[in-house]
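The following pair of complexes shares a single chain, chain A, combined with chain B in the former and chain C in the latter.
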Partner chain A sequence: MYTSFNRSKWTPYLWLLPSIALIAIFVIYPIILVFKLSFSEISKSGVVGKFNGFQNYIDAVNLPAFKTVMLNTLIWVIAVVGLSTVIGFIIAMVLNQKFHGRKIARSILVLPWATSLVIQASVWNYIIKYEYGNLNDILLNLGVIKQAVNWRSSFQIEFIWECGVGIFVTIPFVTFCVLAGLQSVDDSLYEAAIMDGAGFWSKLKNVTLPMVRPSLTVSTVLNIIYVFNSFPIIYTMTKGAPANKTDTMITFLYMLSFYDRKKGPATALSVIGFLILCICAGIYMFGVMRKEEK
Partner chain B sequence: MKKLIALLLAVVMVFALGSMTFAADDEIELDVIIAQYGPNTNEWFLGSGMDGTNFVDKFEAENPGIKLNLEVVSWNDLYTVVDTRITNNNAPDILNIDVFANYANDGLLMPVSDYCPEELYADFFPAFIEQSIIDDTVWAVPDLASARAMFYNVDILEEVGVEVPTTWAELEDVSQAIIDFYDGEIYPWGIDMTTDEGQAAFAYYTWGNGGGFVDVDGNWAVNSPENVEGINFALSLISNGYTNPNPATETRYDLQDMFAAGKMAMLIAPNQLPTYVADKGGEINMATAGIPANEGKTGSSVGVMDRIMAFKDDAAPDQAARNEAIGKFLTFFYAPENYVGWVSMEGFLPAVNSAVEALVASDPSFGAWLDVLATCQFYPAAKAEWDQVKQGVIKAEQSALTGADIQAELDALQAELGG
Partner chain C sequence: MEREIKKQNRLAAGLLLLGLVLALVVMSLPMYSFQAVVYTKKSSNTTVGDEKYQEALAQAQEVLEEYTSQGFQVELSEDVLERTNSKGETTSLVTFTISETQTKNLFSFLGQPFASAHVLRIMLACMILAALCMLAGLAKTSGTLPKYLPKRAKMLRSASGWFSLIALLTVPVFAMMNTYTFSRRIYLYSNDLMQEGKDVLYPQIDRFLFGGSAGDNIDSVLGKLSFDCSWMLWLLMILFFLMLLGAIQIRFGTVKSTLLRGLLYFFIIIVCIVTLYPYYVMLITALRSNAETLDMYFLHIFPSEWKFQNLIDIINRGVPRYLLNSLMVAGGATILAMLCGIPAAYAMARMNFAGKKLFLGFIIMSQMFSPVVLLIGLSQLMTTMHLNDSVLGLMLINAAFNQAFAIWLLRGTFVSISPEMEQAAMIDGCSTMGSMTRVLLPMAAPGIVTALIFVFINAWNEYTISTVLISTSSNRPITVGITQFSSFNMIEWEYLFAASLIATIPVVILFICIEKHLTSGLTSGGVKG
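The block that comes next holds the complex of A and B.
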């Protein structure tokens, strides 16, 4: 029995206080700080000067590499999120079937997810290396190729490799989200569908997809955020070289801040990135939730 | 009885606290950030790499009243760590890094004359001190240097039957001969135009053609005809297949690995290359020569120098005592019994005269490198726009690798620099 109305009203907030304090200190305060910095002059060594309006934003948008970087970011997010979702979905369907060694298959799938991205990217760097790369070694020994192939002969190909590694490391996350959704689907629904004469595609469209939509939504929204903000793969494999042609927004703004020492525009870019993510995630969540309500 | 014990405890605690604050008042704390040059740096400063003890313990034992909060930071994170600390008004007292101009121009540094004892100051190589002057003030002291030269695989050149190239034309001929002899299995030459060190490539090919980052008056001249010709020559080496295949992403460590594995015949590398190759288990019969230059031009060795600088701290209660403490730190660091071990540990070249004798005695090859060091050129790191130029020339090179016109790229950079 509560002793007073006030206590019952405030007790839950009291319990939430530590979490709120942590979020305020480590999430909200830095965000406010970055917003403030993005409207300030910042010297090359990082000394914060006076308020300078939207100058940092104007400088950022006028950078010669800005368009390339934005286009790369768009390709990177769509390719990695899109393909990893499709492939992850298919793998989840397979893993949801009963077969021998299913548990082992599931554990193997976690491995790329459990390894740090820097290590993954470094390992792939070695795999596709021209001189002593494992890929060339294996293909040469198998007799598939007669001469070592330069797997990184142009920046377009390097960017495709980076997207490939991005997809590879993202698949496990999608698979497990979808697998969790699939396991919650009641078998009786499929039985009913079969009774109604539904085939594979029909079952997929009318039973599976609607039932896993919530988990798919969560995995896609989180993925958009993770992939957009993903730094280690591109930084480890190319550092955006040649001349920012393989940069995405996150690696670009890091290099801009700490290599080019244009800290003002870099801060402005990070705010732009934050807003883009908020808008993308917002639209997506809004759209999906409205569909679910229908 | 309980009350008495409690009272006693309280009295003891008050005294303990009192004496602690007293000690803290009397003691000067220096935040020191040291760049990590190799696997031994950490051990030497903080572990047991200094004959069983370490720099911090030994320094504090010899200099009571000064406490060092010393941090060894990897080069990968160094700029991020320092800049973030500056933004948060928490700059270190002493910093070891390569650049200094931005810090000096922002008014963050103290002039060296404020804290460096005269005897020590006179010990530095004058040519090194000159590299850290802005507006007639010395803002940093050199901590060590390295020099670059051409290394070649003696066995490969002998097998092919060619002489060591000294000019660009000879370099092309030798490269073609190596390609023909080994059927393209061995790269004749190494080029690194990566984001890490593409500015070094710019220096090698422009200085070797009478150009460079600045003109004779010290003004930026990145788009001079000599520079364009020099970079075009480097690009032609790549397009003719004389070099490693991906110069935009293969760092000098990748090149050194290829050299250590016997896959590369010649490259420009720092004086530590023999140690590096030995550490990698490579057994390469190597020798050094001057960096090839264009016909009729003199090649110039490239010197790379790092620095130690001290930041202002207006909040320090006793400025004179703080300056003296920083001076003691430097005196201790450069004392031959400490400094010689430090420089030779990672295979660098010294920055003070007092270390030369001991170093040459321990390794005769040092003598030859010191001669190289005496004639080499340095990056114009004292100029405020150096970061912009460094990144600008790297981007220009990388754009040229993807087909852009180097003249147009360098013109654009020069225009950005206001000339």
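The block that comes next holds the complex of A and C.
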């Protein structure tokens, strides 16, 4: 019987409804679709056929580039997240000091975060061109090098550049998360530490790190997810060339489904990526929830 | 006490003067060596040691003696290139080269009209001024602590430090300018890559290196000029640093804290330069001519001609349309995300209900998935909804993918505002809706603006979904639109960056405005309360 419709009981859900609907249609439903597709036969023109078990997954794992791509993804995530966390942390520590022009420095350092990744990647792509790139030009004119250097002589080096650009654009996020954490640290804690005769390292270890750990955790986990999902840098700079040697999973599955028209293995890879993200998300949620309970 | 200060001050002043004297000594030592080829003799179809070889060698040695007798530092070297001719005989091409090496100290640059000579003059002036200021400031006040100093003495001591700093900085500038003059510009001139200014620079170098004796021969001589700068130049820098330390010690008392301060500024400046570098490249490339963007040799720090025409040209290449699309996508997505997000955030912040945690988990999960993994599903969905290749589709997807952040930020803001005011409004007869729109929302305005701008920027910068879903050119947002300037075989860098510049400036300004609210919101917003 719906006559006993309890207004106060249902109101919260009504308020949530638009948001839930939006997420359900455009996030949850595509996830289900991808799952469904990954177990179906898909022709080159995209016509969905019947259920074919794990065939797509087997095809995906047997792709010749699969191993390289997975290894690249691992290197990409670890290098970019690791280094940007370390560098971002150092920059945040410095920005937390009082000095002239701190506001200007903050405004400058936040720039890469606000800029579209495609644009960033295009600019770096131009900078490191061998024949006319700006880096060679500047270094030659400054007399640092005597001859133009080929900054992208091999795919390994190109991949390192891509990681570098990834680090460059990720640093601001870490910096500003850590900075927010640092600014909530009470100065009296440091004063107490100094009274106890703590040096720089001991202050860092015993006061700073425990205080910024929550924001560092948030930024690291979010970064793992963003960096794993990052597409424009690699797509703009090398498109995975040569022969998928600089691809990460995301660019690889994009090329696979929209260029090579191998939708079946691509959906299987999507699901694999999805599951990896789920694990990260699970760890993250575990952390958040535990904090919530405190 | 006073004696101790005096002693310390004298020590520091001694350091400064020692640095000065040693610097002057170092400057008079030979520091730059130039090697120029003054004579070559080639002898072909010979073998090493035969008659023809001996003849050429004798000729070369004759020239060598001539140079030596005039007091030049010359040396003879031979280069043998073996080759086999069509008959199968191996013969050699022997090249005898006489090269002249000259060493110059820094003072020999002084009278020259090179740009580096001006720097050298500044360097010398600063050194001497630093010493004079120091001595003048120290007179009669050498026993006073820095903080009790009379104003004039304080200024003089500071000035001494600043002059030393300038002297320090002139060293790399001087080195750079010499490198530029003697390697880069000569290279550009002698390879006919640059014409302007050759008739000025060549006589200058002729006079400087050969006393004008090279004459018309200068072109071939300079073509093979190589030069080397001794490590002593960097020793000079260390000596200036010594002067600086002395000055700092006298002015502030503690060197350590001042050094740390300097290191901090140094670090910040370096980081800022690296961060700004791509933006600088974007700016100058956007305002260059196409020929200049593709040629390394003519480029300098700034374009030779500022081409604002590029910004006008891209108007005819569809950029206004792309910007409008981006504005529609980002604006629509922001409004939609806010309309759905504010009630949800409100419910999360103010109401208690079963499944609250589940919903929090739900939105956090949705934040985890960038659209890339779901691209195939999304494009399928868009096809069934007939939203493929449309601005509306992008709008909806962007709104959905930004829900998590919007709720996340908004909830944090709402939680941080005490509910008492709203309760008061409700007692006065306001509905829940009324208390929210009249009391809470105005108070939460800064947080809402932050979330709004953040969603807008995210949607504006989005690239991946658009590149897959949009195939009609007139429906592209700007991030996809700019890629039309970089086709496979020809990249119009100046247009690419001109469009990028226009796409970047507004969002960067918006971002800087919300930066402070955003970071605290992101790290704590979701978990407050």
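In the analysis below, the second predicted complex is superposed on the first by the 275 of 294 C-alpha atoms of A that agree within 3 Å, B and C clash if a C-alpha of one lies under 4 Å from a C-alpha of the other, contacts with A are read in each partner's own complex, and residues count from 1 in each chain.
Methods note: a residue touches a chain if its C-beta (ideal position, glycine included) is under 8 Å from a C-beta of that chain, and two chains touch if they have at least 3 such contacts.
Computed from a predicted structure; not experimentally measured.
Engineer: Which of the two partners, first being chain B and second being chain C, lies in contact with A:Val227: first, second, both, or neither?
Structural biologist: neither
Engineer: As a test of reading the superposition: which chain, chain B or chain C, is in touch with more residues of chain A?
Structural biologist: The partner that reaches more residues of chain A in the superposed model: C.
Engineer: For A:Gly240, select first, second, both or neither according to whether it touches chain B, chain C, the two together, or no partner.
Structural biologist: Touch partner of A:Gly240: chain B, not chain C.
Engineer: Between chain B (first) and chain C (second), which does A:Ile127 come into contact with in this model arrangement: first, second, both, or neither?
Structural biologist: A:Ile127 sits against chain C, while chain B stays out of touch.
Engineer: Please indicate which partner A:Ile167 is in contact with in the superposed arrangement: first for chain B, second for chain C, both, or neither.
Structural biologist: neither
Engineer: Please work out whether A:Lys146 is in contact with chain B alone, chain C alone, both, or neither, and reply first, second, both or neither.
Structural biologist: In the superposition, A:Lys146 touches chain C alone.
Engineer: Report for A:Ile31: first if it touches chain B alone, second if chain C alone, otherwise both or neither.
Structural biologist: Only chain C is touched by A:Ile31; chain B is not.
Engineer: Please work out whether A:Phe258 is in contact with chain B alone, chain C alone, both, or neither, and reply first, second, both or neither.
Structural biologist: both
Engineer: Please identify the positions on chain A that touch both chain B and chain C, taking each partner from its own complex.
Structural biologist: Common to the two interfaces on chain A: residues 37, 131-132, 257-258, 263.
Engineer: Please output the residues of chain A touching chain B within their complex, sorted ascending.
Structural biologist: 37, 42-48, 130-132, 150, 152-155, 158, 237-245, 255, 257-261, 263
Engineer: Under the touch definition given earlier, write down the residues of chain B that touch chain A in their complex.
Structural biologist: Touch list, chain B to chain A: 79-80, 82-84, 86-87, 102-103, 105-106, 108, 194-196, 245-246, 248-249, 258, 261, 263, 387-388, 391, 395-396, 398-399, 401-402, 404.
Engineer: Can you list the residues on chain A that touch chain C in the complex?
Structural biologist: 9, 11-13, 15-16, 18-23, 25-34, 37, 91, 94-95, 97, 99, 101, 105-120, 122-124, 126-127, 131-134, 136-138, 140-143, 146, 148, 176-177, 179-181, 183, 214-215, 218-219, 225-226, 229, 231-232, 250, 253-254, 257-258, 263, 266-267, 270, 273-274, 277-278, 280-281, 284-285, 288-289, 291-292
Engineer: Which residues of chain C touch chain A in their complex?
Structural biologist: For this pair, the touching residues of chain C are 175-176, 178-180, 183-184, 261, 264-265, 267-268, 271-272, 275-279, 281-282, 285, 293-296, 299-301, 336, 339-341, 343-344, 346-348, 351-353, 356-357, 359, 361-366, 368-370, 372-378, 380-381, 396-397, 399-401, 403-404, 407, 432, 457, 460-461, 463-464, 468, 479, 482-483, 486, 493, 496-497, 500, 503-504, 507-508, 510-512, 515, 518-520, 522-524, 526-527.
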